[in-house]
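Read through the structure below, which is laid out as structure tokens, and then see the notes.
Chains: A, B and C, in written order; residue numbering restarts at 1 for each.
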Amino acid sequence: MLRRGRWVVVAAALAGLLFVWGPSPAPAQQRGGIVNWFNYGDPGRLNVFNVAALGQQQAVAGVFSGLMQFSPDEPSKIIPDLAESYAETDNGRTYTFHLRHGVTWHDGKPFTSADVTATYDYMLDPANKGKRCTALMKPVVKSYEAPDDYTVVFHLKFAAPTYLPSVASAWCRIAAKHILAEYKGNLDDPKAQIGTGPFMLKRYDRGSLIEWVRNPHYYNPKLPYVDGVKQFILKGTDRQVAAAKAGQIDLWDTWPPMSHTRAMEIKAAAHDKAYVYEAPINSTWEVHLNWKKSPFNIKDIRRAVQLGLDRKQLFDKGEEGSGTPCAILDPGLYGDYAIPMKDLMKIPGCREDKKAEDIATAKKLVAKHFPNGVDFEIVTRSVGTYVDRVQLVADQLRKIGLRGHIKTYESAAGYAAYAKGDFTMIGTQDSGVYLSDPEGIFTLLFTKGAAHNWENWDDPTVAKWVDEALRERNHEKRVKLYRRIQYYLLEKDNTSPVIGWVAGWFYTAHRLKNYHHANTIYDNNTFQSVWLEQ
Amino acid sequence: MFKYVVRRLMLFVPTLLGVTLIIFLMVRLVPGDIATILVYDAGSLPADEAKAQVAEVRQQLGLDRPIVVQYLAWLGHATVGNFGYSYWEKRPVADIIGERFPRSMELAILTLVLAILWAIPLGVISAVKQNTWADYLVRVVSISGLSLPLFLSGILMLYFLVAWFDWLPPLEYVGLFNDPWVNLSQLIWPAIAQALYISAPIMRLTRSQMLDVIREDYVRTARSKGLGEPKVMYSHALRNALLPVVTFIGWWGGRLLGGIVIMEIIFAVPGMGTGLIDAVNHRDYPTVQAIVLLLALIFLALNLIVDLLYAVMDPRIRYA
Amino acid sequence: MESEAIQRAAVAVASRPQRKRWRQLAGQFVHDQPLGAIGAVIVVILIVVAILAPWIATYGPKATDFDAYLWPNHTHWFGTDNLGRDIFSRVVWGARLSLYVGLTSVGVGVTIGAIWGVYSAYIGGMVDAITQRVVDVVMGFPPIVLALGLMAVLGQSVNNVVLALVVLLSPSAARTMRSSVLSLKEMTYVESARAVGSSNLRIVFRHLVPNCLGTYIVLFTVNVAYAIVVEAALSFLGLGSPPDEPSWGGMLTGATQSLERAPYMALFPGLAICLVVFGLNLLGDAIRDVTDAKMRGQGGND
């Protein structure tokens, strides 16, 4: 039995332990400072609703808010933004958003439900094509109304699991009614960048800098912590890496991600003042075969490509090992929607242990139609690591008798050629989904009329299953459907064989706190809750 | 002389017309037009919708008109200094030029001054001391400058600035008149990198011209008259040798402007070069046309000045 | 049969003193122009390597069969690149490609330009005025911009690089040649030849062409080097030869992505470019000096 005195000692010791080992008090968020960030291109156009490359989307990402948002702290969690709360009724076919009171636009005017309806009027107006939010909302939203100044109700055509993620996405931000009216034709104008977001656009010095300053009237008075964000316009990896090494930028979260080599160089140059990490990005890597042109009009040749590509080697050399070979959905990002790695590795064309066998089969398939092999043109856009990758693809195909002669396009010209169907084979292409929902990649690549379905492949089976999955609200059934589609795509002779899901390296400087890598590169670019250690 | 100047000025017109025509056609011959690119910018829009939109945009921008009509309309506006409206940035092209032009000119002039300061004295030394170790050394050094591809010297410059000094010029471009010192710290590096490259041919030409002139009669005469060697070299020989060098530098200015594209990309200078590459990538026809036309105009003006200098400096050339 | 043998013998007899003379000339060249001789050796090595590439290279230039980023070792003398290709083999094959691009583009471009320039300057008048406007028009474009535009229009291939370079080089060659002829044209010996009533062709070929030879050779050497460097710049801008072609410029561009991890990736193609450009320039200078000396001798006889 312990004497009373001893208890005191033990208690004191325990308290001491707790003090030392217990959860240390969260370091106080510090105010002030400027986050130095970069943009890989000059956005030129600023309209936050555009179908836009990341460079444009990130330019004013912190200036606007949406009804909902992906949490800056927990990337997959959807939390309120301009809407304080929402209610889902009618079996998921009606959403009622209760708006925050006392929110003001950057020019001082109050925010009301009229702004929300005006934004949706703008986006769903047939004259305003080319808005990504439009593409997300149009198939789903039937009607909407604003019963009072702080309530908006949306009626959906069917209960779509993608609806709420769309509302929270970076694409469906809310603009002011009076700005929409004033700048109707030209939301690209820097003066039209009046939002409700944590930052205000201070300056757009074209070709050099985009600068945001803290919005003093942000609806959350505690946020943002930093005084401003500077996006330097830095083109080309050489310049970007040099700036990172010299400590001139605080984070790298853009596309393309860094190679492992570069990440390690930056880590070394920053004398460990930077945190480098590997993460999957929101993108598959695939090739495209034009089934209307020889030799890919032959089913066997398409199958040969599926079998003959050594995905692991492609990732090892083309991406320095970053990424998941064969994955149409990344297991890390999509959990049980994705086919688990061990099952993936049993599929012909993906199995490491029977690689030689699959390549021999591919060779035979080609030889059946072209005993002396066949020549064709293989194209790519010269961006990111594409040029490296296409050379690997070409060399692998050469070994099964498909001799691709490489031609590279400058980015925009490439898209133009693809859009016209003017290619035989696209040797490498990333398809970045803009919504962290499993549906994204299928309606981007594999369905009729999909944006990246340049070869216009139309497989009714895929279309049917994708549509079923879009309407399916039961998680188990949805998982089953998506897995079935993935197996089907990997085992058949479809025209966009997927090489795998891309990952890459990123970094944040140690002085930048509370930044969390989002599920897509488009999300969490508002910097509302990061802070800088002074 | 007056008549010659007038004639040369008049020749400017057809040359400029030729330039505008080539610019206009070439921009349109590059695969992928502005409408397609405006629509497919990120490559993610349902295909049928995108196709309809391309036609619509073409019509809006007047690209569905016959090309001759488009050309004449543009030319008409350009002659009164109206370069139109950027399809991409949606603001007057004149604004874009006004922002970017002075920056590039500053870089170009800095580069040229550095190159001349370095190249001409070396060229003269090399010629005067022909086939001595000094000649060999100068030639080897200058040729080394030529041997390094421009982009590589730029990238190496960046690399070593970081590796050795752990420093890079500030990322935010600062204008000459806002803070000349910071401005210089940003532009001096691309200028050095390119000066190293362009000085080599200037030095070589200076050398070869000096060698030519040294052997010519009047230099021999000057020498025989008993004029001291330095005086012969620097007053008689150099003056005559410099003539083709000036021509060369005149048109080399054009090449310089091209190299500046690469330097601006590597060193993130928001000038005409990066502006041009952006505009080309977006097929922003009005901006591309205006920038290239302006570059051409500068170059042609340089040529004109060179020709006039020729007429003034070389009495052997007569103009009928 | 018999006549053939006689012929062969005749050739042998005739060529013997010839060969001796060449040897003498070469000896003199090495003595007078040591830098030029070094240049010549480099250029000869380049040519030999280019011709014998398939036998010298140890592996295929496009084969991505090996581990990536291997440092130089006994099987991969120059190491392997980021895609696992043998750098030595690529550099060797690259000699062939560089020589092809350099020689064809400059050979065609500078020759067209030279003829154009000499002709234009000599004829003068309207012809000169018009052709000079054409030169102005083409040269009004910054060359990289013009090359970029041309490549964008033509599409990426080795032959299109050559074509773009021809368009780029010929006007500037014409301009330089012209100014060179313009000063010669007014010189006393040309004027006297004209006074004696020599035909235009005779004056051009007897007096102008030989005297412009120095300029031509300088142009040629500077431009072969320039062509190789422009090809590299086009590769950097993504519009050069197709990426899997073993072009030194392309290899160098790729290598800048990993300067720190694999400096050898940049070193060998970089060294190759530098050496060749260097050698060409040294050789050109030397030839120029020699022909210059010869020209003076001829001038005296005239």
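Quick note on the criterion: contacts are C-beta pairs under 8 Å (C-beta built on N, C-alpha and C of every residue); 3 or more make two chains touch, one makes a residue touch a chain.
For clarity, every value in this text was computed on a predicted model and none was experimentally measured.
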Open item on the list: Suppose every chain is reduced to the average of its Cα atoms; which one is closest to the average of all protein Cα atoms?
Closed with: B
Task: Pair exhibiting more inter-chain C-beta contacts, A-C or A-B - done: A-B
TODO: Please report how many Å separate the Cα centroid of chain B from that of chain C, as a whole number.
DONE: 23
TODO: Could you please state the distance in Å, as a whole number, between where the Cα atoms of chain A are centred and where those of chain C are centred?
DONE: 49
Open item on the list: I'd like to verify one number: the distance from the centre of chain A to the centre of chain B, where each centre is the average of its C-alpha atoms, in whole angstrom.
Closed with: 40
Task: Of all residues in chain B, the ones touching two or more other chains - done: 30-31, 155, 159, 280
Open item on the list: Among all residues of chain C, which ones touch two or more of the remaining chains?
Closed with: 152, 155, 256
Task: Residues of chain A touching at least two other chains - done: 238, 410, 413
- [ ] Spell out the residues on chain B that touch chain C in their complex, using ranges where they run on.
- [x] 11, 14-15, 18-19, 22, 26-27, 29-31, 130, 136, 139-140, 143-144, 146-152, 155, 159, 201, 204-205, 208, 211-212, 215, 244, 247-248, 251, 254-262, 276, 280, 292, 295-296, 299-300, 303, 310, 314, 316-318
- [ ] Spell out the residues on chain C that touch chain A in their complex, using ranges where they run on.
- [x] 62-64, 68, 82-84, 152, 155-157, 238-239, 242-244, 254, 256-258, 260-261
Task: Of chain A, residues touching chain B in the complex - done: 36, 38, 41-42, 44-45, 50-53, 56, 129-130, 132, 135, 186, 188-189, 205-209, 230, 232-236, 238-239, 242-243, 245-249, 269, 409-420, 432, 434, 444, 449-454, 456
- [ ] Quick one: which bits of chain A touch chain C in the complex? Just the residue numbers, please.
- [x] 237-238, 259, 261-262, 264-265, 316-318, 320, 382, 387-388, 390-392, 394-396, 398, 405-408, 410, 413
Open item on the list: Show me the residue ranges of chain B that touch chain A in the complex, using the header's touch definition.
Closed with: 30-33, 36-37, 39-54, 56, 88-91, 96, 99-100, 155, 158-159, 161-163, 166-168, 170-173, 265-268, 270-271, 274-275, 278, 280-283
